Amino acid sequence: MTAYILSLSCPDQPGIVATVTAELFRQQANIIQAAQFEDAETRRFFMRVVFTVVDEAAASAVRLAVEPLASQLSMTWTVRPRDRRQKVLLLASRFDHCLADLLYRQRIGELNMDVAAIISNHPRDTFGDLGGAPFHHLPVTRETKHEQEVRIRALVEETGTELVVLARYMQVLSDDLASFLTGRCINIHHSFLPGFKGAKPYHQAHARGVKMIGATAHYVTSDLDEGPIIAQDVEPVSHADTPEALVRKGRDIERRVLARAVRAHLEDRVLINGTKTVVFPD
Amino acid sequence: MTAYILSLSCPDQPGIVATVTAELFRQQANIIQAAQFEDAETRRFFMRVVFTVVDEAAASAVRLAVEPLASQLSMTWTVRPRDRRQKVLLLASRFDHCLADLLYRQRIGELNMDVAAIISNHPRDTFGDLGGAPFHHLPVTRETKHEQEVRIRALVEETGTELVVLARYMQVLSDDLASFLTGRCINIHHSFLPGFKGAKPYHQAHARGVKMIGATAHYVTSDLDEGPIIAQDVEPVSHADTPEALVRKGRDIERRVLARAVRAHLEDRVLINGTKTVVFPD
Amino acid sequence: MTAYILSLSCPDQPGIVATVTAELFRQQANIIQAAQFEDAETRRFFMRVVFTVVDEAAASAVRLAVEPLASQLSMTWTVRPRDRRQKVLLLASRFDHCLADLLYRQRIGELNMDVAAIISNHPRDTFGDLGGAPFHHLPVTRETKHEQEVRIRALVEETGTELVVLARYMQVLSDDLASFLTGRCINIHHSFLPGFKGAKPYHQAHARGVKMIGATAHYVTSDLDEGPIIAQDVEPVSHADTPEALVRKGRDIERRVLARAVRAHLEDRVLINGTKTVVFPD
Amino acid sequence: MTAYILSLSCPDQPGIVATVTAELFRQQANIIQAAQFEDAETRRFFMRVVFTVVDEAAASAVRLAVEPLASQLSMTWTVRPRDRRQKVLLLASRFDHCLADLLYRQRIGELNMDVAAIISNHPRDTFGDLGGAPFHHLPVTRETKHEQEVRIRALVEETGTELVVLARYMQVLSDDLASFLTGRCINIHHSFLPGFKGAKPYHQAHARGVKMIGATAHYVTSDLDEGPIIAQDVEPVSHADTPEALVRKGRDIERRVLARAVRAHLEDRVLINGTKTVVFPD
C-alpha cells in the first residue's frame, strides 16, 4: 500500500466531507488521517486527507474521480505521494544557523525534501559542510540586484524547485520575484511584543526592555514581512540579557520556527486562506 | 438552528467517515466542525462532529438515523445539545485555588456547567463566595470513610450529577467509589520530572533540585493517580525557589490544567481510549 | 528577627557592593538574599538586599547608616519591612477576570497587600464577591472624565494608596493622572506578534492569523501602553480559534501576567531603569 | 582589561559578600556581574563574580588575596579567565542530534570550548562533518566494557579534558568511571510525567498517553540518571503523536537542554550543592 495526501480548499457548502470521503471509499482508498476546517468568516472549507491505495494506478483513479467533484465544488486541490521528496532551494546570507539546522534535519530524514541548490550572497567558505548540495555564490549590490534575481529565478526553474526557503537571507526580494514565488517561498524573521521596524531589531528590543523575544515564519508576499503566518514561537528574556544574548537566543527560536514551518509545508499541512493560513497538526 | 455534538468511537474499518457524514447530510444536518482519529495501535476510531439542525425534532431524527449505524459499527456514541449545561459536583479539601477558579470560570460562562453541589471534608467557612451552590460539609476519618462515601454517592445520584471534579480533594477514593464514577470523575495532581511518591511532594521535588514542576489532570480509576491523562502542564523553577514557592507556583499550574481538562470534558472533546485519551482541540 | 528589603539604584562605580554589604555587616544585619545588576549601557547600578535585624531600632540604625552612603553615591533607595502590606487601589471596568484573580491571591496570602479601594466605571453588581473592600462606582463620560479623575486622585490620597493597578480598566488615563501616578501604577494589555493598534485587538489578531497571543504588564506613563515593561507572557493559538476563543485565552494570560507584575512590585523586585525595568527573580 | 570568573561555595555565615567584594575592591578588580545564593536548608553559600583586572599579574594577585579568605571560610573556589576555552570530550552513539548541535554551537562561538576528542561506539561514517575534531571509534561489548573504559579514561587524561559530555551516549558508565568523572561529566536523558524505567521510553510514554515529553541534563554519578539536575525542558504532545513523532520531538528537546547545561557549566554558572545544583542565570 502507498500513502497519498489529498489537500483541498473550496467555498463551504453542506456535504463536502460526505462527498469527498464517499468518493475515496468508492475508489477503495483507505483513509488513515483526515482533518478539515470551516472558516466561519470567509465561508471557505479546507481539508487534508491521508489515504492508502494499492498502487499508482489506483491513485490515478482517485485523481480522475476527484476531478469532476473538484470542478463542481470549485476546489483548489492536489494529490501527492506522501513519500515523494519535494525539491527545495535554500537561500542564506552570512548567518547559517537556520541553513545548518535545515540541512541537518534533511540528513536524518526529518524533512522530506531534496536540496535542489543553496544560494548565498556570501562566499562558499562562509559555511560548513553543506551535505553535497550544489552551492551558488550570487553576490548582490544595489546595481546588480535585478540581475542576481534573474539568476535565482533561473535556478528555481532549471532545478524544478517546488519550495524556496529564505533561511536568514537578509536581502529583500523584489515585488516581481516575490510574486513569482507566491505560496512557495517561506521566510523567517524575529518578532517582538511590541514590534519594531528598521535595523538591528534585537538591539531595539533590548533598548525597549522586552521580556519575551520571538520569531515568525511566513509565506513571502510583496508586502514585506506581512505574508500569511505559518508558525511562531517565543522565549522569555530578562533585563540581564545583553543585545548579544538576545541575538543568541533568537537564533534558537528562529531555527526551530523555520523548521516547523518548512516541515508543515512539505507535508501539505499548510493551506493558504487569504492573508492567513490553516495549519493542520501533524 | 441549534448545535449538537455527536461523539463516537468504534473499531476502525474503511468508510466510517463517509458513512457517518453521508447520514448527517441525508438528515439535513449541517456539519460546522469535525475531527476524527484512528489509533493505529488499538485499531480504534474516534470522531466528534458539531452539527446544526433546525429543531429538536430534527435532532431526534438524527439520533434515530445514527442508531442502526452505531449498532452495525459497534459504536459507543452520544448526541447532545451543545448548549446544554452538564451537572457537575465539586469536591475540595482545605485549599480552594482549583475550586475558586472553576467557580469563577463557571460564573463568566467559560465552563458550560451547573454546579450541582460542593462537598468538602472541611467546614463551609474554609471557603469564600461559592456563588450560591449547595454546600455539604462531609468530614471524614478512617472509621467514617465508608459512610461518607455513601453520602457522596447519594448526592451524585440525587442531583443527577454527570461529572465529579476532585478540585484538590485530598482524600483517596475507595475502589468502589472510583469504579462507580468511571469515566466521569476528574482529578488533578502535581507531576514532576522525575516523579515522587508519598507525602509533601513539593518538598521532595525541592530536595531533588528539579528545574520544572507540573500538574496532571486525569480520569479517576481505582489505580490511584494512574487513570487516563487528559491534560498536563509545567513551569520552570530554579534553585532559588523554596518549597513554599514551589507550592505557590504549583497552584497556578494545577488550576489551569484542571480547568482545561474540565472544559474539554464538558465539550465532549475527551474520548477514552483504553488507558489513554483522545482530546480533540477546541 | 525581622526581615527588611533594601532596594537601591545609583550611577555605577567600583566598590558599591563592597561598601553596601560592609555597612550592613557593621550594623549586624544578616543578608539572606541579595541581587544586583550593572547596566553596561546606562552605566547604572541596581541592588536589592533582604536582611534581618533584631528589631525596628536596629532597622532604623541601618537606615541612618545607609543615608550618608546614599548621598555620597547619589542613590535612590528604600528600606522596608518585608512583611508590611502595601495599600493598593484596584480599578476595573466591565470584565473582572484580573480583578477577581488579584482579590483571590490577596485572600490566600500570595500578594502582600491591603486593598485600599476598588473603583469601577461600572456598577457594583457587575462584580461578584469583593472580599469586603470599599467599592466606588465612578462612571465616566467624555464630559465628566476630568471630574472623575479628580475623585480617583482624591481616593488615592485619602487612603494612602501606594500602588494603583489597572485591572482591565478600559479608560485611558489623562496625562495629568498618569504623571501623578508615575512609577506606582501598573497596567495590563494584550500583546501580539505583530502588534495592532485600535479597537477589538483580538479580532484584528484573528484576522491577521497570528499563531501566538500574549499580554504585557507595564508601568503607566503618559505615553499610552509604552511604559516600562514588567512582565510578559504568551500562548499558542491556531487557525481554529475564533475571536471569542482568543479573548478567552487572553483572559488567562492577562490575569497571570498582571499578578506576576503586581507581586514583583510588592516585593520591591522591580526597579525602574529609564524606559526599562530591572526585575529581580523571586 | 581581562575578565575573570570567581566561583565559590562555603558554609554560610554573616559577612561573606562583604569580605569577598571588599577584597576584590582592594585588588582593584572591577566587578561587572555578581550573583550569590544562600541555601536556607543546607546552610551553604554560593557565589559567582565576574570581574576585570588590568592583566594576568593582577589576576594572580587576586588569587593570592582570595587564598587566605578561602582557607578561613572553608571555601571551594576557582578563578578562571572568562575567555579561556575548556577542553571537552564528547561521547555519542548512533544518534548524533546532540553531537551535531554541540559542534555547531562550538563552531559559531556559542560554546566556549575546544573539542578534545569525539568518542563513539559506532564507526566514523555514522556521523557527518565533525569539524576536524579527533575521532575515536571504541566499540564496546559486555566483555570489552572494562577495557573500553580504560581507553576513554586514558583519552581524558592525555587530552587534558576538563568536561566530558555524554551526547546521547547509550552506554551506562561503570561506577568507577562515573566516580572518576564526578562533577565533570554531563548526561542528557528523556523525562516524562510520570517517569518510566526500562527500554524504549518514548514508546512507553506513548502507551501511557502522556501529554508532555521532556528531557533532563544532569551530572553523572554512580546512581544512574539520578545525579544533580542542571537543566530540564518539555514540550506538549497529543494523542495524535506516534511513538516516532515523540522520538522526533524528543530530539529537539534533548539537544537544547543539553546545550543549555553545557553552556552553563562552561561559564562556571553551575555549582554543585550536594545532590542538587545552583545554576546562576546568564
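Labels for the chains are A, B, C and D, by order of writing; each one numbers its residues from 1.
Rule of thumb we're sticking to: a residue touches a chain if its C-beta (ideal position, glycine included) is under 8 Å from a C-beta of that chain, and two chains touch if they have at least 3 such contacts.
For clarity, every value in this text was computed on a predicted model and none was experimentally measured.
Asks: To get from subunit A to subunit D along touching chains, fewest steps?
Replies: Contact-graph shortest path, subunit A to subunit D, evaluates to 1.
Asks: Among the chains, which one keeps its Cα centre farthest from the Cα centre of subunit D?
Replies: Max centre-to-centre separation from subunit D belongs to B.
Asks: Going by the touch criterion at the top, tell me which pair is linked by more C-beta contacts: B-C or C-D.
Replies: C-D is joined by more C-beta pairs in contact.
Asks: Quick one: report the Å distance separating subunit C from subunit D, using the average Cα coordinate of each chain.
Replies: Computed from C-alpha means, the inter-chain centre distance equals 37 Å.
Asks: Suppose each chain is reduced to the average of its Cα coordinates; what separation in Å results between subunit A and subunit C?
Replies: Taking the average C-alpha coordinate of subunit A and of subunit C, the gap between them is 41 Å.
Asks: Which subunit D residues sit where two or more other chains touch them?
Replies: Subunit D, residues with two or more chain partners: 40, 238, 240, 281.
Asks: Taking the touch rule as given, give the residues of subunit D at its contact with subunit A in the complex, in rising order.
Replies: 96-97, 100, 104, 107-108, 110, 128-129, 131, 238, 240, 245, 248, 252, 256, 281-282
Asks: Considering only the defined contacts, which subunit C positions touch subunit D in the complex?
Replies: Residues in contact with subunit D: 14-15, 17-18, 21-22, 24-25, 28, 30-36, 38, 40, 281.
Asks: Can you name the residues of subunit D that touch subunit B in the complex?
Replies: That would be residues 37, 39-40, 191-195, 207-212, 214, 216, 228-234, 236, 238-240, 242, 273, 275-279, 281 of subunit D.
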